[in-house]
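Chains: A, B, C and D, in written order; residue numbering restarts at 1 for each.
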């Protein structure tokens, strides 16, 4: 059985590209996303057409038991989860406090924070028993600073980062590598940014940004760094890093 | 009507002492806590015996509507809330991941994070209308680093800090001062630390710490800084500060 | 002999106002600045006309021995230095790397970093012997993030903050309170900002900023917080805090 | 002419291994160190024996003009500097304030901070003209927290980090990638740690640490991450990352 790279949040952006990158290196890419069976099928068949191994599952991470059951089924049916990527965002755009409902705030926590806790609760004991494993966590600028209108997102992401640190503190010495990857800028991702902006504005942003169209982060390039992090020798682990385009300002320079 | 200082989380430690300090300065101290009617009555009568104005209410911040209803009732009956202190902790001691239940994790969020969001949602519109107000938030070392066993607490507090930043970003220019007060060390508080450690160990800790018994943070002294922060002129606001005893190491030096 | 508050960098802004505030509380304010004997005399006589005790000295902190000799002379002649404020800035405006000379870079270090080390080397042994003392350090946004054009300033201030932390780590338990005060915004200070901008632009900035002319930090109000920090009980010390106007964005929100 | 990877601070630890890694990928490794011609020769011949291209130079970075002249000579004689690694440390062990001389403090700045400024001043204009280049900077825990006894080192490293940020802010959009690599733990490096501890204690540490002898950071493994950072696509750059062994605690957990 090949080792599994489990992706929670596998759209056409970071998640799908990370899955593809690991599949190229011989992992079985297990891609999970909330909806769009067609998009999911395409990701799987793209990987398979390159000779890689992939499986796809629809999974609603806000529902009880979904992540846990998927982890158990993957381990039983497909192979040991050596790498798990938690790639669910919780960005809902800027909303004033009075326009941020309790429901929106709770959903932010559920996707941004509790979902990672559930994933870790499911995979850490398995990884601990095997003495190794990697948990990659996509995170956002809101994990390190709260902007106006980001009440739900910042609360969720700030918690996500601290959760990564407490997981790392408990599990590093047991061989589990937890990495908090701070994505500080726009990603060229049609499923998320594209939908949020609409097709026209998204295309305009792609054209305007940067020199030679690389002013937005290219998910296939990001996947190279995700992959590198998971390959680091255990004498030399990175726990936190940032990623942004050369043409962007760092969040602390805005 | 005198201005109100509303304290959510008013035990015999920080909360009660902050209420007392504001009452000495002419505020109506409105003290809320989850349980212990006798302890609450004592806090109120202590303030009254010094000539101050105080009211006490039992309030379970994990229950729907409790904070919101208290804010509305205080504004209707007692006076405008000029200062609100969110002083609820979410520390449950160190627990390995497998011993941190989903329920404990959610409760951490509910007390550590969502409760502050609810308080802010209730008081910010009132303060904004008046063009002024102060929200003091007691926070913990877990807001800036996640230690082993602190999964629930760190996730809650990391979110708390980022929420304070996003509130500040939206409301500072509207005259609302939000301060995140990082309490980095043991507080000499019989209701929380005392109960967690047990009477004997607590007394031993008090005796062993520091020179002249001030190696633990004295809540009456902390209250002076809470009060100062709320009195800062709006040209000169502090948004984040730390507090620890001279005899303690800063969290980053441990 | 009255306790001394020694101010290194006493212009008409923060330094002079802090001296004044401590003088009002009974300290002997010892004001040091590089130039402008008339301005210095005025600060001293203003304090004296309010019934306070003040002395003024011209002092070039870039010259060998100047700080050290002043500390020794003050201790011998005027009283024990209970509070020392290091208030020298090293801002030279934004300069591209190629326009930042080695000399400018070194001067930044000399004023921003080495001067504080010299002051601490001179006063810490005295304070340690007395078992108490306070070192207040004015710092800048550049201590926590480096912007374009801030090569010299950011290198100096980043070093200043870390130096404050290492001083605090060695001396807190010995009764010396070191506080790093991050001034994150424009101060209404004619001697520094006023000179940098020129009279006309400075006045325009004063008028444009904020509501009711308090959109710039008012140094007399800042001095209240400096004073509070120095009065904190040793069970409850603040090591780091930020200051900005209500109408300004925090550096992390820009 | 092959592209050059210039290493300032090339001992048998990080510097030498990074040079070796880049040489394996076709770069001309230009190795500079202060002393030990034999050790330098060995590094060069090791690379050459693997079929790589390498040159070695003794260089005292505390001396005026040395870095600048080496940069100019390399560009004239060997090839364009595509990657420059600043790998000089400034650790002098823990020293109380009274035992930290002005000279030691200044030397810390000179090696820890000013040397990087000089290197950047020399290479950035060249890289800017070519529209690309990478500056890798080895840094230390002291860049983010000041411990007792680390006055010189923390001041130097805190400044180093902020300098990296201001360089990044000016030069990222011009195609120059600046990466601040926080080495948070002991490196298995005979030239630095080995000499500091002495042969016997060093060997004991190697034996005691971690499981299977990888509890210290292995410089050959670290070099893989240095190399990866330099290969990141410009749409996806990391500016800050940490490195530590799985068996070590992060600095914020100590």
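Keep this in mind: a residue touches a chain if its C-beta (ideal position, glycine included) is under 8 Å from a C-beta of that chain, and two chains touch if they have at least 3 such contacts.
Every value quoted in this text rests on a predicted model; they were computed, and no experiment measured them.
Shared contact partners of chain C and chain D, listed by label: A, B. Counting hops only between chains that touch, chain B reaches chain D in a minimum of 1. Distance between chain centres (mean CA atoms), chain B to chain C: 31 Å. Averaging C-alpha coordinates per chain places the centre of chain A 45 Å away from that of chain C.
Multi-chain contact residues of chain C (touching two or more other chains) are listed as 145, 147-148, 165, 168-169, 252-253. Those residues of chain B that touch chain D in the shared complex are 144-145, 147-148, 251-254. Residues of chain C touching chain D in their complex: 96-98, 100, 102, 105-106, 109, 113-114, 117-118, 120-121, 124-125, 142-143, 145-151, 154-171.
Those residues of chain C whose C-beta lies close enough to touch chain B in the complex are 165, 168-169, 172-173, 175, 177, 188, 210, 214-218, 221-222, 224-225, 228, 231-250, 252-253.
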